[in-house]
C-alpha cells in the first residue's frame, strides 16, 4: 500500500517563510514548471495582438493602448519576474507575497487601484486518486488583467480562443468581463473534477457490494481525505465570488455583475456537490462496515452450525470408544447401527432447530 | 442487487457546459419527453381561451389582450423554442441558460421586468424506491406567466380545472396569484411524496424487526441517499419562497403575499418532515445493527453452551478410551455407569450455571 | 412486538389537502371527539356569565357587552361551526384553514384585527409510551378570545376556576391576560409530561443495568422517536412566545408582556429539558450496547477458557487412545496416573495464565 | 450498582407549580436547611454594622443609612419571609416566584428599580461523584443588595472577611461592586469544582488503561451526565454576565463594569473547560471501548491459536485410535514416534504461521 | 504506559486565585525560568540602544526619548517587577492580574491609553509528543511596547536582528509595527509546530497500516487531546487579531492595519489546518478500528476454517474408534483406506465451499 503524503498539501514548506520580514518575496510551494512564460494579449473590439516572451519588457508598458491588456504569467517561482511585474502594475509587496505563496487560501482583496483574487484550479489524477490543486491569482486594473499560474495549463485556452475568434461579447467588454470569463473557466473545470470523483464513488460502491476488501476501504479513506482537501479549496470560493460581486468597486461594471451572480450560483452547486459527496463517502464507510460484519456473521454461523452438530456426535462416538470391560451396549448386535440412528436423529433435530431460528 | 446510479442526479452532464461562452444555450439533463408542447391559457374574470401548439406563433404576441396569459412549455430540450419564447418575453440569455439546465438548484431571481423562479417537482417511484425530480421554471411578468417543465405532468391540472370552472378567486386575480396557485400545487405534491416515503419507512421497520437481512439494510441505505437528494431539493425552497414573499416587487400584489406566507409555512413543514425522516432512517440503521448483533449473540451463546457442555464430557470419554494396561476404573463393574453419572452431574452443573447467568 | 405507527403523527392525511384551492376548509387530522361543544364565558371585574351550546348562535354577537368574551370550541372537525365562528369574528379563510389542520406546527401570526396562535397540548400515554399531541389555536381580538381544541380537555379548567372564583387578578385584566393564563396552563402541563418521561427514563436505565434485553432497547428506540416528536412540538414555541412578546401589537398590554416573559423562561426550560432527555436517551443506547457487549465478552471468555483448557487435555487422552502396537508408556504401571498428573499440571498452568491475564 | 436519580435535578417537583395562578409563591426544590437566617451587613467607607436574625424586622427598613446594605437570606423555603423581604424591597411577585423556584435557569432581568440575577453555586461531592447545585439569587437596588441562598454556605465568607477587614476597595464602593465581588466568588468557586472533576477524569483514565471494568465505564457514564448538568448550569452564565455588563443600567457604575468584564473572561474559561471535559469524557468512552475490544481480541486469539493447533493433532490421534483390523501403520515399530514427529512438525508450522501473521 | 497529565494544562492551579480580592497579583502557572530578565531596546530611524537588566530602573522612565521603547520581560513570576513595570507604564491592576495568569485565553483589550493582547506561543516537544504553550502578553502604548514572556525564548530573535540591522522598514515605523512584527513571529512559529504534528500524523498512519498495536492507538488518542489543546489556543486568535485590526484605535496606524490583515489570513490558515488535523486524527482512529477488525476477522476465519474442516473428520475417526463388537467396516481389508478417502473428499468439498464463499 502506497503511503499517502497528504500533509504536503496542507502545511509543508510554509515554514520556509518563518522569521522573514513581511513583504520578503519567497516562493512557497513546489516548482511545477521549469521555465517562466509571459503570454500577452492586447485587444479591443477591432484588433488583437498576441505575444510570448520569457522576461517582462517594454511591451507591457505601452500605456497608451486603447483596450484591454491581459498578461498571463506561467511559472511563478521566478522572483525577479514577479517583482518587475509588480512594480510595472504597482502591486503592493504583501500582495506579491500572496501570489508567490501557492498554499494561500482563496481570497479576495480590494484596493483603490486594483482587485486581487486568489483561486485554486483543480485537477483529478485518476490513477493516484489524487486531487491536484494549482493556484491562480488575478490582478484586475482599470485596463489590464494580470494572471499568475504555477504552470501553463489549458483551462484558459477556450477563453483565448473566444478572444481570437471574437466569439460572444468578450472582445466588446472590458477587463472585468475577461476576469469573469476566466473565473467561469476555472469553476466550470471543477465540474469535470467532481464528475470524475462521482464516477469513482460509484465504482467503489460496486466494489464494496461485491467484495469488501480492506484495500477498497483504504481507497474510501483516501477519497474521504481528498474530500477534506477539496472542501478547503471550494468553501472560501463562495465568500470570494460574493465579495467580488458585492464589492461595489468601480472596476466591476454593472453589466458584468449579472454574470458574476451566475458564477456564484455555480459555486453554490459545487459546494453542495462536495458536501453530498462527503455524505456519500461516509455512507460507503458504513456500507463497508456492514458488508464486513455480514461476512463475519456468515462465517460465525458456519462455525457454530458445524460445531454444534458434530460436538455432541463426537461425544457419543467417544463414549463407545471407552475401554470399560463392562459396557453392555458394545455386545449388542445392533449396537453400532443403533448409535448411527441416534446420531442421525440428533443431527436432524439440530438442523430443524437451526432452520426454525433462520440460521440456515 | 441493482447498482445505484445516484451521481447522475447530482452532477453528470454538467460538464457538457464546460468551455462554452456564457449564455450559450445547451440543454443539460435527460430528455424526458419526445415532443415539445406549448399550452396557452388566456383568461380574465369573464372569458378563458385555451390553445395547444407545437411551435410558438403569433398568438403569444397579441399584447392587447386584457387579462392573464399563461404559457406552459413542456419539453425544454428544444432550444429554438426556448429562444423564441425568450425573445418574445424578453428573458435574459443567462436566465434562458438556467431554464435549460435541469440540474439547477431551486432559486429566485428578481429583475425589473420579471421574476424568475426555479423549483423541483418530485415524484416517488415506489418500485425503484427512487425519488424522481423534475425541474419547473417560472417567469412572471406584469400580465403573463411562462412555465417550463421537462415533460407534461398532471401536477398543474387541478389549477387548470379551477381556471376553466372559475372556482375560487383565481379568475379574478392577476398572474401573481396564478403563480401562487401553481407553486402551491408543487409544494402540496411534496406531501404525497413524503407520505409514500413515510409508509416505506414503516414497512422497512417492520421488516427489520422481523428479519434483518442485508437486503433490507441495502434498502435503508438507498432511502438514506434519497433523503440526501430530497433534502437538496427542498432546503433551498425556504429561501426561494421567502425571497419571493419579501421581494417587495411590484409584480406581487399585497393580497397575494398573504398566500405566499401560507406556502412558506408548508415549506417549513416539508423541510421538518424531511429532517425527521432523516433522523428516522438513522434510527433504522441503528435498529438493523442491534437486530443483527442480537442474532449474532444468540448464535454465539448457542455455540458456547453446546461447546462448553460437551468439551469436558468428550474429554472424560477420551480418558477412558486410553489404552493403558493398568487403568483400575476400567475393571470396575459399575465404572461405565459411574462415568455416565459424573457426566450427567457436570452437564447439570453447567446448565444451572448458564441459567443463573441468564444465558438460557 | 407492536408495530409503531409513527408516521401518522408526522405527515399522514396532509395529502387530503392536495389539489384543493387555498382557503378550502378541510379538517386534516383524526376526529377525536364526536360532538362539538361551544363553551362561552363572558366576564368583567363584577360579573361572569357562562353558557354551553352545540351550535354558535346570537349570544356570541352581543357586541355591546363591556368585558372579555372567551369562546372555547371543542371538536374542530365540524366545518360549518368553524365557518360561522370565522365570519362572526372576522377570521381570514387561510387562518381558518390553519385551525382545521391539526398537523400545523406551532405558529404566531399577527394581523391588524387579531393575533393568531397555534400551540400543541401534550399528554403522555404511559401504557403505550406515546406522547399524544393535541392542537389548540387562539384568536385574540380587542375584547374577545376564541380558542379551538380538538376535544374537551381539562388543561383549561384551572383557569376557568380562577375566573369563576375571581382568584388573582384575572377578572380585572383584559383578554390578553386570559390568553397568557391559558398559554401558561398549556406550558405548565408540559412539565407534567416531561416528569413522566423522566421517570420512564429512570426505569429504563434500571432495567438496562439489570437485564439488557432487546425489548428494553426497543422501548429506548421508541422513546427516542417520541423525543423527536416532542422536540418538533416544543422548539417552535420559543419563537412563538418570543414573537408574541416582541410583537408590539396594541392587543397585548404592557402589564401582560411581563408575564409573557415569564412563560418564555418556562419555554426555554422545557426545550432544555427535552434536549437533556435526548442526550440521556442517547446515553441509554450506549449503556445498552456496552451492557450487551459486556455480556457477550463474558460468554466468549467462558467458551475460550473451557475450550483452551480441555482441548489440549483431550488431545493427550487421544494420544493414549491410539492403537499402535509399540507404545512404551502404555505398559508402564504408573502410566495412567502419570498422564493424569500431566493433565492436572497443564490445567493449572492454564488457569494461572488466565488469572494473570485477569480473564478470571 | 447504585441507581442514578438524575431526573430530580432536571425537572422533578416543577409539576407542583402546575395549575397555580402566576405569582403564587411556592417553594420548588428540596428544602436544604431547617432554619432561615437573615444576615445583614451595613457598611460605608467608615463603619460596618453586622446583625443576624431569624425574621425580617425594622432594622432592614432604616432607609436613611448612608452606605450599602447587604441582606443575605439563607433558606428560601420560608415563604412569609420571602414575602416580607419582597414587599420591603419592592420586588415584583414574578421575581419572588423565580427566587423560590430553585430549578430556575441562570438569568438576568432588568427593571427600573433593581437588577435581578439568578446564578448556580456548584459543589462536587467527590464520594457520590455528584455535582451539587445550589441556587443563589441577587436583587441589586440603588443602595442595597439582597441575596437569597438555599442554605448558609461559605462561598461568600471571603467577601465578608474583606468587608470586615476593609481589604481592597470594597468598602469604598457601592452595592454594584459588592454584587461583582459575590459573583466573582461564585465563579471562582467553579474552578475548584472543575479542578476536582479534572482529577477525577485523570484517575478514571488511569483505571481504564489498567483495568477496564464495566464499573469504571459506569462511572464514566455518570460523569458524562454530570457534565450535561454542569453545562446547563454554566452556559447561560455567559449571557447573564454579558447582559449585566451591557445593560447600561444606572445601577452599575462605569468603574464596576471593568470588573464585570473580568468575570466574563472567567466565565468563558469555565465554559471552555466544561466543553473540553466533555470532549475528554467522550475520549474516555472511546478508550474503554478500545481497551475492551483489545482484551477481547487477545482472548479470541488465544482460543484460535490453541484450537487451531490442537484440532488437527487430535484428529491424527483419532485416526490411530480407530479399530480397523487392517491398519499397516499400527504394526510399525516406529509408528508411534513417527506420529509424534508429524504432530510436532504440524504444531511448529502452525506456530511459525502465527508468528509471521503477528498473532503471537 | 506513561500517564497523561493533561488537566494541568487546562485548569490546575487556577484555584489558587479563589477567594482573593480582584486585582490581587498572584502568579498562576508553572514557574518556567529561574531569573527575571528585562531586555530593553530603544530605537528610531537613526539610533538603537540596547540594555539588559535584572530589575526595572530609571532607564525605563526617560520619557523624552524620541522613538520607540520596547521592554521585553522574561520570567513573569516575580510580582514586584510586574508591579513596578505596571505603575511605570500605568497598567490597570486587572490587566496586571491577566499578565500573571499564564492560563489566560488569548484576548484583546482596548483602553484609551494602551492596547493589551494575550497570545500563546506554541512549541512541540516531539519526544513527549506534547504541545507546550507559553503565554506572551503585549501592552502597546503611544511610544512603547512592553512584552511579557514566561521564559526567554528565541521566537523574538529574528525581529531583534531586523531591528539591529535596520532590515526592512521596521526602524522607520512606530511601536504598532513592532507589535505586528512580533505577532507575525508568533503566528509564523505556529506553522513550524503544525508541520511537526503533520509529520507525526503521517508516521502514525504508516504505523497503523503496518501494525495496529494498542500503543499506536494510545498515541493517536494523545494527539487527539493535543489537538483539543491546540484548538483552544488558536481559535480565539482569530477574534483577537480581528479585534486589533478593526479596533480603530489611534495607536494602530493605517499603514500597519494592512499588515495586520495579512496576519489575519495566516491565522485563518492555522485554524483551518488545526481543523483538518482534527479530521485526520478522527480518520486515524477509524483506520485503527478497521485495521483491528480486519485482523480479528482473519483470526476468526482461520479458526472457523480449521475447525469446520477437522471437526467432521475427527467425528469419523471417533466413529471407527468405537469398541462395538459388531462393526462390519472394521473387518474390511480396505476399510482404513476407504475412510481416508471419505475424509479427503469431505475436506476437499469444504475447501471448495470456502473458496467459493471467498473465505480463502
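Note that the chains are named A, B, C, D and E in the order they appear, and that numbering of residues resets to 1 at the start of each chain.
As a convention for this text, contacts are C-beta pairs under 8 Å (C-beta built on N, C-alpha and C of every residue); 3 or more make two chains touch, one makes a residue touch a chain.
Source: prediction; values computed, not measured.
Chain C and chain D have centres, each the mean of its CA atoms, that are 27 Å apart.
Separating the CA-averaged centres of chain A and chain C is a span of 43 Å. In chain C, the positions touching at least two other chains are 300, 303, 307, 311, 314, 318, 321-323, 327. If you sketch which chains touch which, the chains form one closed loop in which each chain touches exactly two neighbours. Listing the chains around the ring, anchored at chain B and oriented toward chain C, produces B, C, D, E, A.
Contact residues on chain C toward chain D in their complex (touch as defined above): 158, 162, 167-168, 170, 180-181, 184-185, 188-189, 191-192, 194-195, 198-199, 201-202, 205-206, 209, 258-259, 261-262, 265, 268-269, 272-273, 276, 279-280, 283, 286-287, 290-291, 293-294, 297, 300-301, 303-304, 307-308, 311-312, 314-315, 318-319, 321-327, 357-359. Chain A meets chain E in the complex at residues 1, 3-7, 10-12, 14-15, 17-24, 92, 94, 97-98, 103-105, 107, 109, 211, 214, 217, 221, 224-225, 228, 232, 285, 288-289, 292, 295-296, 298-300, 302-303, 306-307, 310-311, 313-314, 317-318, 320-323, 327, 329-336, 339.
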